[in-house]
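Next come two complexes built around subunit A: one with subunit B, the other with subunit C.
Entry: the complex of A and B
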């Protein structure tokens, strides 16, 4: 089962990362994607397919001091 | 010394402002006016899992402001290194405010893990700005590991308790050659001024503004205090007389 930020997301399997992010309305300009512990650079989104047991982390900047 | 010549240099980048802002615990709508009133050039922000429903903080940061990502939430060197790498991918810059905080009650940083992470990140080209308990030996190890600054806490994060570690910070100011930036606990502008008079290179503040009734006004007050303290440091404060007094007026020519 694909997990995204710790939540199961079965339907993500088979999609490329760009399509997945667009469907999720993710803030692309404030987003870093980590796939199974490896950072996926933006130009690689379209050619990177999500596999059935992948672990995806989507990370953004938020307000925070220390 | 004019503002243009009194520059703060961090990892080869120069800044005229010596007041670094946080972006936590207040409305994104106030970031722009806080930055303007603070005349800040650097703002720190955290990384968290993306919540598509949440507003994009980057839309609220004015042009030309340096984003200083922090590794808050990291409890050991390994987690902090991962967060720093994610931050660099996001920000496109090498600045990282390194925070390794395993303790949940007092939010005390782990100095040893911080040194470990500094070494790895500096070798990867990061401009590492580590947050630590003020300790001379650790500060020396951080500099040896490649830290661009040392950021000692004045008091525990978010407490507004002021310069509780004043004497230990003074040792760092006197002995460490990279900029010393006071990072946590500064609650009032007077404390920021005091730290700058001591010779601190810059002040970072967040909670003291975020918990003020008027955030932009407090940002301005801090900016003025940091500038005043810096000028006083450069001017060289006068001596203190412990006993007795010294008249400022002539002691001769008195009319009686």
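Entry: the complex of A and C
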């Protein structure tokens, strides 16, 4: 089962990361994506497929500080 | 005649300023180079903390100028409105501790200059306000410097409990302070921004002194 930030998300399996992120309907440029412990850089989103037992971590940021 | 500062010998000023620092920290603090990306609410407070304890080399990067609206939380003075933030901050830091080497860059950080801007840093300090800039810096830093420590913050707005601000270690070399949720639209004020800045500054201090846990 695919997990995203620890939550099961079976429907993500088979999608590429870009498609998965776009379907969340939240800004994607505030995120850094970790797939099974490895950071996936932005140009790699489209060519990286989510496999059935992958663990995805979305490190997200909110504004304020500078 | 011996050179003096405030009528005291330079050596006695230098030694005197260290007397309350943690034992055996001086050498490592003096040798450290921290590059701070953003010189606003986070960056100005972090820089002051690190300068006071004697971190030897700070690089300050920010493209912005001091505005009146900054003064409720950023360590600038009314007399500095209109100045480049990094220039104003350097001026203030030198008054607190003249023994720190401070480089300033009036520049916007983007993916393409991260490799150059942070090459010499022992530790990268993220102190932006824009969430996409925060994510960009983590993405680029992990590409160009996969093992270099990076200390970041997200969520320090409003007047929520101080105790909701924590430091998390999300990767072996990536530390993120903040509450993770409050956004700048709530308003940003010195007390809570300084808590997040204090988290970042203390994590940076721990890393300099060899402590890699949060």
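Observations
The working rule: the second predicted complex is superposed on the first by the 61 of 66 C-alpha atoms of A that agree within 3 Å, B and C clash if a C-alpha of one lies under 4 Å from a C-alpha of the other, contacts with A are read in each partner's own complex, and residues count from 1 in each chain.
Quick note on the criterion: a contact is a pair of C-beta atoms (placed from the backbone, for glycine too) under 8 Å apart; a residue touches a chain by one contact, two chains touch by 3 or more.
No experiment lies behind these values; they were computed from the predicted model shown.
Once the two complexes are overlaid on the shared chain, A:58 sits against subunit B while remaining clear of subunit C. In the superposition on chain A, A:18 makes contact with neither subunit B nor subunit C. Applying the stated contact rule after C-alpha superposition, one finds that A:26 touches subunit B and leaves subunit C untouched.
In the overlay built on the shared chain, the residue A:34 is in contact with subunit B and with subunit C. Comparing subunit C and subunit B on the residues of subunit A they touch gives the larger count to B.
Look at A:5: by the touch rule set out above, it reaches subunit B but stays clear of subunit C. The interface of subunit A with subunit B overlaps its interface with subunit C at residues 27, 29-32, 34, 39, 41, 57, 59-66. Contact residues on subunit C toward subunit A in their complex (touch as defined above): 38-43, 62, 64, 127-132, 134-136, 138-139, 142-143, 152-157, 170-171, 174, 176, 178, 180-186, 188, 193, 196.
Residues 5-6, 24-27, 29-32, 34, 39, 41, 57-66 of subunit A are the ones that touch subunit B when the two sit in their complex.
Of all residues in subunit B, those touching subunit A in their complex are 22-26, 28, 31, 44-52, 54, 56-58, 67, 69-70, 72, 85-86, 89-91, 97, 99, 107, 131, 157-158, 183-184, 204, 206-207, 210. Within the complex formed with subunit C, the residues of subunit A that make contact are 27, 29-32, 34, 39, 41-42, 57, 59-66.
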